[in-house]
Amino acid sequence: MSKADSSVQRDAAHPAAVGEPGGGLAVAVWATLKRDLTLMLRRRGEVLNPLVFFALVITLFPIGISPDPELLATIAPGLLWVAALLAALLSLDSLFRGDYDDGSLEQLLLAPQPLAMLGLAKVAVHWLLTGLPLALMAPVLGIMLALPAGSYLILAISLALGSASLSLIGAIGAALTVGLSRGGVLLSLLVLPLYIPVLIFGAGAVQAAILGDGAAAHLAILGALLALALMLAPWAIAASLRISING
Amino acid sequence: MPESVLTLRLQARGLACERDDRWLFEELDLDIRGGEIVRVEGPNGSGKTTLLKILSGQLTDYHGELFWNERPMRQARQAFLENLLYLGHAPGVKAALTPLENLAWYQALAGEVSHEAPRLAALESVGLAGFEDVPAGQLSAGQQRRVALARLELTPRPLWVLDEPFTAIDREGVAALEERLVIHARSGGCVLVTTHHELKASQELRRVRLGSGGPDVKG
Amino acid sequence: MWAFINKLRSPKWFYAISERLLPWFWVAAAALILVGSVWGLAFAPADYQQGNSFRIIYVHVPAAFLAQSIFVSMAVCGLVYMVWKIKVADMVAAMVAPLGAAMTFISLFSGAVWGVPTWGTWWMWDARLTSMLILFFLYLGVIALRGAFASRDSASRAASVLAMVGVINIPIIKYSVDWWYTLHQPATFTVTGRVGMPMEMWAPLLIMVLGFYSFFIAVTLMRTRSEILRRESNKRWVRELAGERH
């Protein structure tokens, strides 16, 4: 009973137990980042699956179309972007599903911190473990598709920038469908049309780099799209999570 | 400490909830203060969980008004959440994380800087000493529930909203938890609970009955 | 303003007021579409390049206008529903979604048919057609999401959020597709919106557009009225109404 006694004493101090709000948010966001990273790194398969999928899809195209390097070089920017986009979509469904199934999502909603910021932390982990590795891997697959020299760096940068927007937009769809038992296919249907601007400017950046036009303008637009997504998506994610929690 | 007893007050006036054209309950008036254990009763589907979700601020889709310490809930939401501890049907425990790591996240969500000592103490108090570093997925359902219950000790919050907290807990655990609820109420806290388990009558216990015949509040 | 919003809260009020408005919109729709199609199909001069095939514009353009406006109206209804919890707004949003998808399909189909004489193929990745196709997918997404929830209240909220997210994205999608198109197919033949269309050609088009809008409003009012009856079927005023008629 000694334990219970000590907690009674702590109960007595409860008005003082509330920390200052500003510092609390940073603590909570950091802990959420750390927790999700730990979770994903304990299930490495889930981190690797999108990368393997990316490589596989890229392998299918020379087999399905033609191994002719010239032909592959012309379609490589688009292929790499479309395949990376689909690979990033693959892991999106599990973004909030685990938390929904085990009840952590309710707790996330009831934390005395803005839900939008906590959701943003989860999206950041998704990008760190999906978008960023895909961007780093893309140049290797670019070699296999005979992507012309000079565009490799732009490919990686455009994918890194663009996939952050994809994670943010995709998270809205994931939040809307998390309460549905078969939300996976629906999620793609909701999210893919919204991905189109990012695809256009992402693939456009690589295309421009190949043509030697300079990709700065495209990258700037990708950055602008990301800024817009960063401003608006967290609120939509939070609103969607609140809807989904009530099934 | 007396102040906390005075300031703890959750009120509902004319609370009603309509889900898909069905009224789960209507005209529900509640006045819950520190020092009380309120058991929400009713048959399956009478809206117990929905009521707890409304009273814990998860569901905002209700008619009527809620007040926290005499302030409308809309304005007092932040203060309310800082005083609330909610445990739902699902324990909210990550299978891939150890009990210590699970509690660390909850500690941080509450805005507290992480300290291991209170986490260890909380786990010990729910009988999980020795299981601190075992992934929660390897624990039994009852032990996972205990990890969630350890939060009662970890983060001191005056208002506890517990939805079926006795699920999967063994008999000794049930007795200890029941005792814990009474202690919490006596020290000025407040407990809102749904359970199929029959709680021992005590002077802190109050019942709110939901049912087809409309809510019926007993003192 | 507040009085109006409070009135909108009552489906009964909407039901009563729409009953009075409905005939006017039906009459306007019938008259405008009749005048517009006769004028456009029979009396407007043939295009100097495309001949008579351009006359499909009188269906294609109004449908395309409507497809975009309906999405915007759906998002506005979603916003009204989320902010003021006005149920009628959600009913309207639910009712216009299939109509919007149908209009998008009509504009896509008429665009494809128009493509045969102008491009010699059923499909070209023309900027407008591509944007329309994406809009069609957005509509399908909203409809599918609404259908996927077991609880109607959650379905309404989810569809509202998605409609609002979509409406923010539509201009972005439109501009990026336009940009993509000019990059890949520079300055080919654009079929609509050329400056200097003579009055005899655009006047019937305007009439058709107005006719399509009236038709849309009439159909929406009609469908919303039956949806009100369906959702409010356990309310006293609906029961009394049913009693009167039997």
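Order of writing sets the chain letters: A, B and C. Residues in each chain are counted from 1.
By definition in this document, contacts are C-beta pairs under 8 Å (C-beta built on N, C-alpha and C of every residue); 3 or more make two chains touch, one makes a residue touch a chain.
It should be emphasised that the depicted structure is a prediction, and the values quoted were computed from it without experimental measurement.
Using the mean of the Cα atoms as each chain's centre, the chain most removed from chain B is C.
The count of contacting C-beta pairs peaks for the chain pair A-B. If each chain is reduced to the centroid of its CA atoms, chain A and chain B end up 33 Å from each other.
Inter-chain spacing, taken between the CA centroids of chain B and chain C, is 48 Å. Annotation for chain A: residues touching 2 or more other chains are 246. Residue positions of chain C with contacts to 2 or more other chains are 151, 153. Listed for chain B are residues 61, each touching two or more other chains. On the side of chain B, the complex with chain A involves touching residues 1, 3-4, 7, 53, 56-61, 78, 81-84, 86, 88-97, 101, 104-114, 121, 124-125, 152-153, 155-158, 179-180, 183-184, 187-189. Looking at the complex, you find that chain C touches chain B at residues 151-153, 231, 234. Interface residues of chain C facing chain A in the complex, by the touch rule stated above, are 82, 134, 137-138, 140-141, 144-145, 148-151, 153-154, 157-158, 161-162, 164-166, 168-169, 172-173, 175-177, 179-180, 183. Remark: chain A residues 172, 176-177, 179-180, 183, 186, 189-190, 192-194, 196-197, 200-201, 204, 225, 228, 232, 236, 239-240, 243-244, 246-247 touch chain C in the complex. The touching residues of chain A, counted against chain B in their complex, run 3-4, 6-8, 10-15, 17-21, 23-25, 27-28, 30-32, 35, 38-39, 42-43, 98, 101-104, 106-113, 118, 242, 245-246.
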